[in-house]
Amino acid sequence: MTPASLPELLVALPALAVVMAALLVVLVEALWRRTIARLIDGIALAGLGGAAFLEALSLRAGDGGPAIYRGAAAASGGAAAALVRQDALAAFGGLLILVAAAFTVLVGGAYVARRGLRQAEYTAVVLFAAAGMLLLGAAADLIMIFLGVEAFSIALYVLCAFRSGDRAGYEAALKYFVLGSLAAGFLLYGTALVYGATGSTELARVGQILSGPDGGATAGQQTVGLAGLTLLLVGLGFKMALVPFHHWAPDVYQGAPTPITGFMAAATKTAATVALIRVLWTAFGGLSATWLPAVAALAVVTMVVGNLAAIVQADLKRMLAYSAIAQAGYVLVALVAAATGGVAAALYYLLAYGLAKLGAFGVLALLDGQGGGRAADAAANVADAGAAGERPAAGPRDATSLADLAGLGRTQPWLAATMTICLMSLVGLPPMAGFLGKWMIFQSAVDGGWMWLAIVLVLNTALSAFYYLRPIGWMYMVEPKGDAVPEVGSGASFALTVAVLGLVAALVSGGIVRVARAADAFDRRPPDAPAGLPPELGTATPAATATPAGTAP
Amino acid sequence: MSGLDPAFLIVGALAIVTAVGMILAKNVVHSALFMVAHFGLTAVLYLLLSAPFLAAAQLIVYAGAIMVLVLFVVMLLGRQEALLDEPIVGQRWLALAALGVLGAALVRVAALGVPAAPEGGTAVVPPAFGSPAAMGDALYTQWVLPFEVVSLVLLVAMIGAVVIAHFQRRPRNEKAGNPAIAADATEIPSPRA
Amino acid sequence: MDAIELGIVALKCLVIVAVLLTGFAYTTFLERKVIARMQQRLGPNRAGPFGLLQPAADGVKLIFKENITPVGVDRFVYFLAPIVSMVVAIMAFAVMPVADPITVTIGGQVREIRFQLADFNVALLYVLGITSLAVYGLVLAGWASNNKFALIGGLRSAAQMVSYELAMGVALVSVVLVVGSLSMNDIVDWQVAKGLPLIVLQPVAFGIYAITAIAETNRAPFDFPEAEQELVAGYHTEYTGMRFALFFMAEYINMITVSGLAATLFLGGHHLPFVERFTGNLPWFVDIGVFLAKVILALFLFIWIRATIPRLRYDRLMAFGWKVLLPISLANLALTAVVIAFLAR
């Protein structure tokens, strides 16, 4: 091994910092006789904060070109492919993932402590998942994409089953695991086909060969490449919960511990979307004329099915799961319109959406356990569940039904207000960040000539208002059922405040929009007609593939 | 070695047969055996593609270790016939049709032709290709980051296995409704929509 | 590859099988004699001079015994298991070099004949891969027999072999690090060139290899899969006649193989590294003799250990493998790597 490979490896430093923190948490847990919750939280937040600092640095240093890790050249020769690309796109997605992870550590810490579960392992696995997502967001090679997906998926399978003895969690974990493995198989097959067509797994190189002037790809190569893209789309679409591949999402979102559900909704979607952006536009941008209609159709189906199914849900987590599916459809619209500012729109929207989802699931996680006091309620639920050998358990159960929110506006005005703001942002009502995000997507779609897609988007938004506003009604217009007043830990409420403030800040500050715009400057292969790029973006660099190996930030 | 080498074709066909057998076998142990055979044949395929190290690793890791553990678990579960019913009526015919479509697409693509070496030259196997030294060289230089990520994945899987398997045993004779002792109690399943 | 070459390969295969089968027969004889002597008995002495025809008598008896197939067995797997055991045991020997190559003239052509079926650059991995398959015979036999003792024997063997394989593999990696090749011939040649057998350089690796080899072949004190006091006869409880004999053969052939591997990797193979500094390279028939002597020495050790050390307790066995052998072998590997990196400067 050449020692020179070490500094270059620093490109992956954000992910490495998170991994370090996770390892430290595991070691502290193993070596200390008594674990100190605050120490573990502190380590985790320090790691996440350090990573966020590095991401912010690379976001600022965007002008000097992205830092790229290629791996040392093997002695047997052969050009080293770019494996990790720490550009503005990766940094923006990374920051979002890190915020979600910090949120999950804080809110989940309270959740886990209340149930007497193992906090250190919980924190460590969340951090590992975050590291995998960071790698996925920065992956510039199909191998790295696959490994990033695997890294965070396995961590999430574990987190789904984290409540010991909880059948719903086990069921969720098993479903997620089995279907996730299938999706991983699709990803691998897609990678193999792309490699077969082009002889490379590096996204930029694939893009060059499939469409570039020096590539000269044959029709056969392009067909095999597109077959590979189809399979990659299935694999990543599974992680994003796009519609034909979404069947796992409701069950898993419902069965997983609530903080983890929020983490999955916010962070997984971000990481998978960033990876999809790179696959679609870096590797297959030149063939976009072929796949754009298919992806647009996918977006329509995802939006419509997600929203229609969300309407009929009585369970809040399930409802939010279907809404998450619909939201993925909106993001997909932005990806279709990537040539006209869609990537910036998608990133901004992911930010607004992610914070709102974290807030909503955070409120649910904090309400969790309140069901335990209502014996009659619990007994009724058991009767519903049938004679599956369940005993009437005493455990705190997740607050997941609309009835759990009844009268929250009176008993917990602060939580109710948070929930309201998050839900309104999810709808996309004008004063909220979600509105700006939807507006950006709408505009990019119209600019890109996808008028009909934009109209479908608006119609779906109207459709979604129904089910998003219903919980608000329950919170403020229904009398509270029990007399129990939920207790809310300080760290958790702090995290919630951050989420809401973030939503507000995202709205107030045009800076985030600017940053999202800057992140549009990822290594993209323009479609066959580069004239489609509006001048104010001016960031898509066709020659970016020729960028020499970057240095560490 | 050319992809149309008869040995390659025969071994590949056998590998497919064993893979299908693995899916169709009613008995779990027979399935596992088919899978072992499949792994062995895959190792032979690697050998034919001049990757002897990969072949040996395939044999040691998959056939020698992983499948033994699979058999171990299967045997602990006792002898039972798997039920091969169709939860969705007609799904097998649908699957067969989908397979036909895929096969036709594959033939069509093959007819279009993919050059053996995408960058215009002829595919040449380097002299040390697939040897342990070449594999180690590639793994620890160019692919060192993915290599480490794989170790990360395994670490997470290990921690997860311990966490999930380590079921917390506490006295569970208390009455329902006391949140303080309820940490390990089976939870009430959420009502389905 | 022409017809003559093909013929030579076929001949080699035949010779290997014949020698291994004979070797098996006389290893059992050796074992009975040695153990008898250690226990102040005479051992078999009726058939032939000194009882030398005893193995033949046993063979005839086993062949003519009735094969009983119990009710409720999984017939296919039940028949497959002994075959798997036997085939795997014989296959592992294919890469073992037993003498220097010689050149002969056949039909006007000069040909080199190697006393080895095949050598390739991952020969050592091949042996490890094949021996790791040996567990299937036991596991399948245990499962297919429809017998609780057999099943427990099979389960034990699976756990035991997977655990000990790890330590064995890591120990052998240290040897590979020193030599820098996975080819059997390279390893032997290295020892000859340096003039000292690897046991001197890697005593820890040899120790671990010796222990794990006993466990891998399910020999006392690690003979849990067939611990007769607890499990009747373990995985082969329900086997009779020739099928039982196949398991028996596989066990002894595995002993010969791991002994041959020990000789090749640690003791200089078919050479006498230290002696040949003075005498020069010895002719091929001496090579074979040297190799045989080393194998018999190792087999004697096997038998000696069986006669001396009582069986461990099962949980101790697993704890020993994972908590003692594996860490030691890893430490040995790390130390070897550091020393080699240091010397390479």
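The chains carry the letters A, B and C, assigned in the order they are written, with residues numbered from 1 in each.
Just so we're on the same page, a contact is a pair of C-beta atoms (placed from the backbone, for glycine too) under 8 Å apart; a residue touches a chain by one contact, two chains touch by 3 or more.
Because the structure is predicted, anything quoted here is derived from the model rather than measured.
Student: Let me check something: if the centre of a chain is the mean of its CA atoms, which chain is farthest from chain A?
Tutor: C
Student: Of the chains present, which has its C-alpha mean closest to the combined C-alpha mean?
Tutor: Closest to the centre of all protein C-alpha atoms: chain B.
Student: How many Å are there between the centre of chain A and the centre of chain C, using C-alpha atoms for each centre?
Tutor: Their C-alpha centroids are separated by 54 Å.
Student: Once you find the CA centre of chain A and the CA centre of chain B, what distance in Å lies between them?
Tutor: Roughly 27 Å, centre to centre.
Student: Taking each chain's centre as its mean C-alpha position, how far apart are chain B and chain C in Å?
Tutor: Taking the average C-alpha coordinate of chain B and of chain C, the gap between them is 31 Å.
Student: Would you pull the chain B residues touching chain C in the complex into a rising list?
Tutor: Residues of chain B touching chain C: 27, 29-30, 33, 36, 43, 52-53, 55-57, 59-60, 63-65, 68-69, 71-72, 75-76, 79, 131-132.
Student: Which of the residues in chain B end up touching chain A in this complex?
Tutor: That would be residues 105, 108-109, 112-115, 117-120, 126, 128, 134, 137-138, 140-146, 149-150, 152-153, 155-157, 159-160, 162-164, 166-168, 174-179, 181-193 of chain B.
Student: Contact residues on chain C for chain B in the complex?
Tutor: Chain C residues touching chain B: 74, 76-77, 80, 120-122, 125-126, 128-130, 132-133, 135-136, 139-140, 142-143, 146, 151, 154-155, 158-159, 161-162, 165, 169, 182.
Student: State the interface residues of chain A toward chain B in the complex, per the touch definition above.
Tutor: Residues of chain A touching chain B: 1-2, 5, 9, 12, 19, 26, 69-78, 80-81, 83-84, 114-118, 121, 124-125, 128-129, 131-132, 135, 143-144, 147-148, 150-151, 154-155, 157-158, 161-169, 173, 196-200, 209, 216, 218-221, 223-224, 227, 250, 254-255, 312-315, 317-318, 369, 371-373, 375, 378, 381-382, 384-385, 388, 390-398, 400-401.
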